[in-house]
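After this come two complexes, each holding chain A, first together with chain B and then together with chain C.
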Partner chain A sequence: MTSIRSSGVATTARPRAGEDPVLSSPLDSRLRGNERIKAARTFLLRHPGIVRLGAVVVILLVWEIAARFFMDPMFISPPSRVFASLGRVLHTAGVPDALQLTFFELAVGFAIAVAIGLPLGLAIGLQPFARRSLMPIVLLVYGMPKITILPLFILFFGIGPESKIAFGVAHGVFPIIITIVAGVQNLKPILLVSARSMGASRWQMLRWVIFPHMIPSFFAGMRLGMSGVLLGVLLAELYVSTAGIGYFTTMFTENFQPTKLFGLIAMLAAMAIALNEMVRRAEHRFNRWR
Partner chain B sequence: MSTGEIAIRIKNVGHQFGEAGEARHVRALTDTSLDVVRGELLCLIGPSGCGKSTLLNVIGGLLAPTGGTVEVAGKPVRGPMPGDIAYVFQESALFPWNTVDENIRLGMRFQGVPKSEHAGRAEKSLEAVGLAEFADHYPGQLSGGMRQRAALARALALQTGILLMDEPFGALDEQTRMILGEDLSVLLARTEKTIVFVTHSLGEAVFLADRVAVFSARPGTVKKLIRVDEPHPRNPAFVTSEKFTALRNELYDLLHDEIRAAVASEAPRRRRGANGGAP
Partner chain C sequence: MARRREAMQRLASRAVQIGFLLALSALWYAATNFWGVNHLLLPNPAAVFHELVEVLRTGQFLPDLRVTATEFVAALALATTSGMLVGFFVSRSRYWIAVFEPLFAGLYSIPIILLLPLYVLFFGLGPASKIALGTTISFFPIVLSTIAGFGNVERTLVTAARSMGASDYQLFRYVLVPAALPVILTGLRMGFTVALLSILGSETIASLAGLGHHIVQLAEDMEMARMFAYIAFVVAITVLLNGLVSHLEARGRRRG
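And then the complex of A and B:
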């Protein structure tokens, strides 16, 4: 900021400097330099994507250098090697099945979380009495670190996919309920009154007033629910499992295979980003009026 | 204007919020009787809290009064009567996620108009309020005045005999208000609707109304009815006429005492609250 200001001052000083030919030329070139910096600055400010990309590149570079020259290859692997190994990881016996299984658990867990969270959120949010009586319980359970009762989930649902799905639902359902309750509450009462005055039935009010109003919070809840389910499923898989991505991350870590570990995590991240992006796209389509 | 036929019969209507003895107990309206003639525009004016809007909501069936009855077209009002009564509210009650056109169609869908009539009626009512070019705009893209025009178009498309307007121009600036008032007068001269119009503005009341019902301070009731004998559509020149000024002054005198009384009745309430907090 200050450098740009001082260049402004220098511009007003230019005519005087022009009287002295010896002084004028270096000052001119310095000025041109300043202007170039200024232009680059405005260009970058208009393109945040470039800065974002730059930040990622810097992190990857630091990681690459650190992993190659300073750290124990037993514990960490440079990103270039991770990237190159992606194909190999995918062909490790059991990994495709593990990805498929985790994806299945994620999808089922998410579907259940939405199927429970949406109606429950609506019911609690639309009834002031239900909100006052039940919402504190929802917030309490939401705030409780559920990892502490993970062993109970294993006890109830076994070590198969069921316990992972259940634990995923336990993490995903509360953010959905809470965002939907919050979303229903900020509906302007006048909209319901006006719908009623025009003869709308209860179902019509739900369909044409409450649902459209809820779409933003519904999608926000879906996104939060999705990351909740992902967290729950992976935590359960890490804790105890015989298959799934969690099983392989544990195995790769314990066998000192960081390349494969990071490769697997990269795939997982891609999966999460793809799912999130799908939700975001769908949301965008419904939000044209904003 | 009137064939003398009664469109809305209000008999001894009173309303209180909460039960007697409760902290939030308010007697908003007491023993109010009033007949609204078919085709007339009746303005309700009075100090804030006098129960004008309460009465409007009782007529519209949005609120069941604690006393008295309202009859619309000979039938007692027990709930919303979308076939007979349409509403225009003070704040924008348009659905923000629908375009103006969709809003109007949705109103007709709620009312139960056959779908084949939607397009024609929507177009006609948009033209009537001068918004034909803005059919595909979202409410968020319109000015406050245009939003209220759109709300009026939605109400007109319902083709009810009665229109209830609760300070429809209350949130608008003086100039927009004036123009909308003039346009409304022109529009109403054609439609022959029965209109009950709540307002705070003396000028608006005189300019638009065939009769003005002046309310007393809370608990409100009709203190006086003033007739404005001036054919619709009203000319902008009417505002500067002596007749207008005289009527406006009469309203002012009537209201002034009531507003003082309303403020005075608010004051001890507030003081009592302050004492209650002290040890």
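And then the complex of A and C:
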């Protein structure tokens, strides 16, 4: 958050640049001011990122003012108070455990989704017949709103972490399969043919031709799978939960504690962004060899 | 010869698909009828079919369907107008694209379903919170694709049209829109899918009416056969809608 704050100073300083109180002559000051405004303009035109941060700051300011002076404190609380209370939210009994539990569900769900999706995707993608006969089924199940069968997951797996993991896997595994199949389809046939004509065994083909060329789609699939698992786990958590973050969001909502609710949501959003960024960084790193 | 082989292969893959579905149903039937799986966990397919016919015949799904459909249409309309307007105006300058596009893309990576408790707090348990959530979630793919579509129109096309004396309207109608349409259609399609998902999802999690709510209620009443029938009904509707949208998208692409 510090970067946003510091750039907020930079953007709010902009209009003030024109009226420097030290300069005595009004004409002189206006001339200088124009120059400064021009310089500031070219600077901002070169750095759109700062304007972007400025926009975020403006939104936060509007929110802050609205929440402080115009809205009912039962429903909304200003961002400054939310940030100040982050520590208190973390010290609410059970919240650290809940975050840990949700993180655990995410990690296990993601591991299972990759462990199922990767081999299945490769198997379906590498066999033209399997691809043509099974892909429509995969796409059908992928396009189906799985949220409608969430009550079934709860019935089968209980209201503990198992149902969240299972629901996360159900959301995450199909994007992985689909991306892997698409990746296999995009392999250049000439590579396969030349490897085979040089006498590569099946395993050698997998290890030295298919895997290296699958890395980009593998990571793309992982990223999509990760957001799928995240969505599934969060949906299941929000639906019914005895210990995870879903329990606390419900509790904070029902007790009209917007400060804590905002804090918890901000933490989860930060967690989601961090996870996304991790997979994206890994993707970028492994893509570089090409 | 080659054509016949292709036809044979297509037939074979159809056979596999149908066989898969038949095997699944057979397994389901056997599990409930012979292997003694508790019917509270997995109802008999015959009972489910019976309930489905019953639900369709009496038309008792209509009030819930109406609620869900209204929410869905409202959310999609709001997201489409706001997303396309914002996207169009942002895409008018490279600078504003550089400012706002990463902002929207970053926000898009947050699972917005997290805001559901907040929206329930603000807008209550009624349809308003569902519409708000559906709008927020489907806004991002629509605005991003609109920016991408209008932002990447080839400059040569625009310059050529201008030098031939096209007015602003003509430029928009005959150059910008046809060039951007395929990308925008992709975004609209994604917006459609996520709006449907988020509305059914928020109905499932916290609501008073709607198809998602009805399914949860049946689950809580342990009316499993009827619940399966409702699930099948909702899935059939979404599959139909998806097919319709794919068809429309393909048609729009051909014309654009």
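The criterion applied here is as follows: the second predicted complex is superposed on the first by the 241 of 290 C-alpha atoms of A that agree within 3 Å, B and C clash if a C-alpha of one lies under 4 Å from a C-alpha of the other, contacts with A are read in each partner's own complex, and residues count from 1 in each chain.
Everything that follows uses one rule, which is that contacts are C-beta pairs under 8 Å (C-beta built on N, C-alpha and C of every residue); 3 or more make two chains touch, one makes a residue touch a chain.
Since we're looking at a predicted model, the values are computed, not measured.
Measured by the number of chain A residues touched, the leading partner among chain B and chain C is C. Judged by the touch definition given at the top, the superposed model places A:R196 against chain B, while chain C stays out of reach. In the superposed pair of complexes, A:V209 makes contact with chain B only, with no contact to chain C. Of the two partner chains, chain C is the only one touched by A:I265; chain B is not. Common to the chain B and chain C contact sets on chain A is no residue at all. Contact residues of chain A toward chain C in the complex are 45, 48-49, 51-52, 55-56, 75-76, 129, 132-134, 136-137, 140, 143-145, 147-152, 154-156, 227, 230-231, 234-235, 238-239, 249-250, 252-253, 256, 258, 261-262, 265, 268-269, 272-273, 276. Against chain B, in their complex, chain A makes its touches with residues 188, 190-191, 193-200, 204, 208-209, 212-213, 215, 289-290.
Those residues of chain C lying in contact with chain A across their complex are 9-10, 12-14, 16-17, 20, 40-41, 95, 98-100, 102-103, 106, 109-111, 113-118, 120-122, 193, 196-197, 200-201, 204-206, 211-212, 215-216, 219, 227, 230-231, 234-235, 238-239, 242. Within the complex, the chain B residues that touch chain A are 60-62, 80, 82-83, 85-87, 89, 91, 93, 95-99, 106-107, 109-112, 138, 140, 158.
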